[in-house]
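Read through the structures below before going on.
You will see subunit A twice below: alongside subunit B first, and alongside subunit C after that.
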Partner chain A sequence: MRLALRELVRRPGRFVTASVVLTLIALLLMFLGGLLDGLIRSQTGALRAQDAQAIVYSDTAQASFVRSRIEPGLRAEVEAVEGVREVGGLGLVQLGARVPGRGPRDLADVALFGYELAPDGVPPVPGPGEAYADEVLKADGIELGMTIELGPARSPVRIVGFVSDTSFNGQGGVWAAPATWRDVLSANRPDARLGDGVFQALVVIGDEHVADAIDTATAGRTDSYTIDDAVEAIPGVTEQRATFNQIIGVTLGVAVVVIALFFALITVERLALYGVLKALGARSATIFAGLVAQAVSVTAAAALIAASAAVALDAAIPPGSVPLDVTVSRVVTSIVLLLLAAVAGCAFSLRRVLRVDPASAIGTNS
Partner chain B sequence: MSALHMSDVRKVYRMGDGSEVVALDHATLSVDHDEIVALVGPSGSGKTTLCSIAGGILSVTEGRVVVGGEDITEHSSPALTRFRQSKVGFVFQSVNLVPFLNARENLLVVDELGPRRRSAARQRADQLLEELGLTDRAKNLPSELSGGQRQRVAIGRALMNDPDLVLFDEPTSSLDTALGEQVMELIRSEMKQRDIAAVVVTHDDRITRFCDRTVEIVDGHLAA
Partner chain C sequence: MFLAIKEMRRARLRFGMLIGAISLLVFLIFFQQSIQNGLITSFIGAIRNQNSPVLVYSTDGQRVLQGSVITPDREALVRGADGVGEVGRIGQGTFTGLPDTPGPDATAGETFDTTLIGYEAGPDGTGLGAPSTLSQGRLPRSDFEAVASAVDERLGFGVGAVIRLLPGDVEITVVGLARDIQLNVTPTLFTTYDTYRTAVRAVNPDAGEPLPNVLAVDPAPGWTADAVVETINGRSPDLDALTRTDAATETPGVAQVQQSFAIVFLLYGLVVPLVTGLFFLIVTFQKAESLTLLRAIGAPARRLVSSLLVQVVVIVCAGIAIGTALYLPVSQQNLGGIALRFEARAVVVWTVLLLVLGVISSLIAVRRVLRIDPILATTGAGVGS
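Let's look at the complex of A and B:
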């Protein structure tokens, strides 16, 4: 193995092509993963931020706020379920917001939530007509103390603070009192107007398995989810994740092929040398381990360069534009997958290494 | 005790069409511990096959092979690998040094492939380089050495594991006459000085005078 690593150090030029190609593949892998994480983050932040054990929709809602209605009577039934400690109403309306200083058609997409229980990172319910805005909305020009106008009715809401990672369906979260949300909903979506005490969903703090208990207690008139399940149930999330993961899988496949082809070529070039080493007493395992060490080293170097580039890219892209979110776990996962691809790619050369005949070093035909 | 004893050895290759090619036919050969034997014969006569069998690279179809007191006739492939690490040295026809290692590291390769002796191996490598007159070329890559110097490095590598037998495969084929004779003189003096047996495969009659004995091989048959 030391022999192989010494070759890597002394003859780096031989590995430049593979390193460059693998760096680009690693960057693509991390960029795709970052895009997936960024998209999912921008779609699910409002639910991930809920510091609760269950989200309760009405039975026919299919995990959609728009289709869900929770009447006060049903809420009382939920509150009475054993294991439920606290219940808060949650309502949503998605609208375009006019931002002072921007054109009348240059709307910021916002998801206005009316909430009773404050999610993680969101302060307690603000006063009437006030709201906390997600910091991604800063990219749309929204500033502290600014009054934005929501929807066709131009309902005014004053921004009194910023929160982070609370977007929903790609729209920046705006968090207001239930009364504010209800007024904005009535003014801009008269067809979806809700009476006092009616919410679209309930946020439940309680025991770990309280979601199942709620649906049983309400005889199926509720459709309850754990927070993780509610996140996955948001329309489009699972499909996006599956699509991106397939693209990432194909990219990894390309990485395996590149590594396999490159090291197969190197193996063919070295058959004479391997024959000599075997004649001198090298085991096939030693030679193959050297090959794997080279592939892993080249791939690790490429992955680290790509990781640096991906982090730099993430830092350079302003919030609210491209939904890129390069996380440590994504980078580490990508590096681990690439290293596994390196080993898998080398495996294609194993048979060739095993078949190297030490007799080839001194020829068998004379 | 013989450094190499081959008795009644046959090597038969089975071809894809079912036919058989006899590369070595009932060959018997003994080489004493300090003896240098030239193995001469035309191309395809079986001399490299014999050399490969003596070096534990090929196994025999029939017969018995003992090197340095170790019977390798029935050795498995891993056992033959261990045998090659410890009992024999090779000097190949085209020298075959590792191109990205310097002269000293090419000697130490032998230690890296087998059981590590580390500092002892480094001392032996330095000692061999000195004895072969290569101390000042120890840090040079093979591409920076002359043909004769590369051959000396290859001899040093063959001696690294303190072998009972060194096998030379056409050691002068890529050298001119004068350099070839110098290399053969070096081989003779190094082998005699260390009491190591050697088999020199060649089809160049001019170098047999540096050997103690010449054995001819024709169509797989040995003739003393």
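Let's look at the complex of A and C:
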């Protein structure tokens, strides 16, 4: 194995092109993964932030806030379910926000939530006409203490703090008191207006399996989800994840083939040398281990360069364009998968290594 | 050429793996091209394939149909703008739809997110905002009739189907199907404006009078769509008039999708020639002695180069052919509500591009071959030296 690593150090030029190809493939893997993570993160933050055991929608809402109506009577039934400890109303309206100092056509996309139970990282309900904004909205020029105007009715909302990772459907979350949300909804979306006490969804703190108990208790007039299931129920999330994972899987397959191809060629080139090594007493396992060490080293170097490039790309892409989110876990996962692909790719050369005849070192064909 | 083919036959595994790698990459490129186009069509097909040349949003709507609200004062501004001919109201909402009979890809009682687009259809259904790609049946002529997106026939949205909107008792009969008219990747129904208003009130008893989401505008005789867009936008910064094409391409998300896929395609487009170039460079190194010997016994350099290029073209073509064969059945599928399509134009463009890039990538190997000095055959050295 030492011989193989020494070759890497002494003759790096021989591995450069393969490293470039693998770097591109690694960058592709990380970029695709980052795209998936960015898309999901920007769509689901508001639900992932809920510090609760269930989200309750009305039965025909298909887990959509705008199609869900929970009337006070139904809420009371939910509150009475065994295992339910606390219930809070939750409502949403998605609007354009006019930001002071920006052009009349340059609006920010916001998802205004009215909440009773504070999600993770969101302070308790603010005063009337006030709200906490997701920090992604800073890119739109929203600042602390600023009053933004929401929707065609230009409903004023003053920003009293910032929160993080609470976006919904790609729009920055703005968290306000239920009364503020209800006023903004009525003023800007007459077709979506809701009566007093009516919410679009309920956030429930309680026992672990409380979601099922709620739907049973309400005789199916509610459609309750655990937080994870509610995230998956957001239209498009499951499909995006499945499609991207398939593409990432095939790209990984390409990595295996490329590594296999490159090291198969290198093995063919070195058959005579392997014959000599075997004649001198080297075992097939030792020779193959050297090959694997080279593949893993080349792949690791390529993956590290790609990781740096992915992080740089993430930093360079302006907010609001490509939804890229390169996370440590994604980078580590990609590197591990590529290293496994390197080992798997080398396996194609194992047969050739095993077939090398030590006698070839004294002139017989291998 | 004879040598080139003979060599490929002898080293099937080696060349087979290269073909395999190119096939997978080509398949990925084509598949993602279909996803990109299918996604965009499913996302904004309803805007692209309706008959109004100009759509007027409220600036607050950020070019999202459902996010836009046209208040009466803004509607008056539009109607009073120069160059405006006929004006129609369009309302859009997402509802929960239950087909009376499930389609082949649905189960009994299965409900679907269903987009309802209401337009002022007129007596023959051809009012502003009507779908322009009718493929079966007819346009809606009265309330509670609709044209559905053809791709969703498989879910139970075929001609004659009755779609019940939940909650409530609004039922809409599908009287026609149209191609590529989905909005937001959901089954989409084009119906009358009054049906839309009724549906909104039926599912939400608290709802006030729904306002139109956008206005459909037909330019007056002698006016172009672009000119009308300018006059309307000049009336108020709260109005955001767009031509049909701009309304489709500038819907939020479309540019993001295109930019994201452009980066992905660029990376895949680089990997294919690099893999090909790397392969032939290594193979040329390995054949160094044989190539030198061939030159020494009189084989002209041109013949060796043409053999190399033949191999490159055969390998890349085989990879593209297999990749296309893999892509063909996949391109006939629906992917989570997105109708994929065989993108013939993309196949042709990528085939030409990858062939050219493949040949270019092999130029380093070609250079090595051209540098062979036949005299080295007497010393045992080759191109790798």
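Assume the second predicted complex is superposed on the first by the 355 of 366 C-alpha atoms of A that agree within 3 Å, B and C clash if a C-alpha of one lies under 4 Å from a C-alpha of the other, contacts with A are read in each partner's own complex, and residues count from 1 in each chain.
What we mean here is this: contacts are C-beta pairs under 8 Å (C-beta built on N, C-alpha and C of every residue); 3 or more make two chains touch, one makes a residue touch a chain.
Since the model is a prediction, treat every value here as computed from it, not as a measurement.
Judged by the touch definition given at the top, the superposed model places A:164 against neither subunit B nor subunit C.
Of the two partner chains, neither subunit B nor subunit C is touched by A:327.
In the overlay built on the shared chain, the residue A:276 is in contact with subunit B alone; subunit C does not reach it. More residues of subunit A are touched by C (comparison of subunit B with subunit C). In the superposition on chain A, A:189 makes contact with subunit C only, while subunit B stays out of contact range. By the touch criterion defined above, A:286 reaches subunit B but does not reach subunit C.
Residues of subunit A that touch subunit C in their complex: 17-18, 20-21, 24-25, 27-28, 31-32, 35, 58-62, 64, 66-67, 69, 94-96, 104-105, 107, 109, 151-152, 170, 186, 188-195, 198, 235-236, 238-239, 242-243, 247, 250-251, 253-254, 257-258, 260-262, 264-266, 268-269, 321-324, 348. Within the complex, the subunit B residues that touch subunit A are 23, 43-49, 51-52, 55, 57-58, 78, 81-82, 84-86, 90, 92-93, 96, 98-101, 105, 109-110, 112-114, 157, 161, 167, 169, 201.
Those residues of subunit A lying in contact with subunit B across their complex are 2-3, 6-7, 10-11, 272-273, 276-283, 286, 358-359, 361-366.
The part of subunit C that touches subunit A in the complex is made up of residues 13-14, 17-18, 20-21, 24-25, 27-28, 31-32, 35, 58-62, 67, 69, 71, 74, 93-96, 111-113, 166-167, 184-186, 200, 203-204, 206-211, 237-238, 240, 252-253, 255-256, 259-260, 263-264, 267-268, 270-271, 274-275, 277-279, 281-283, 285-286, 335-338.
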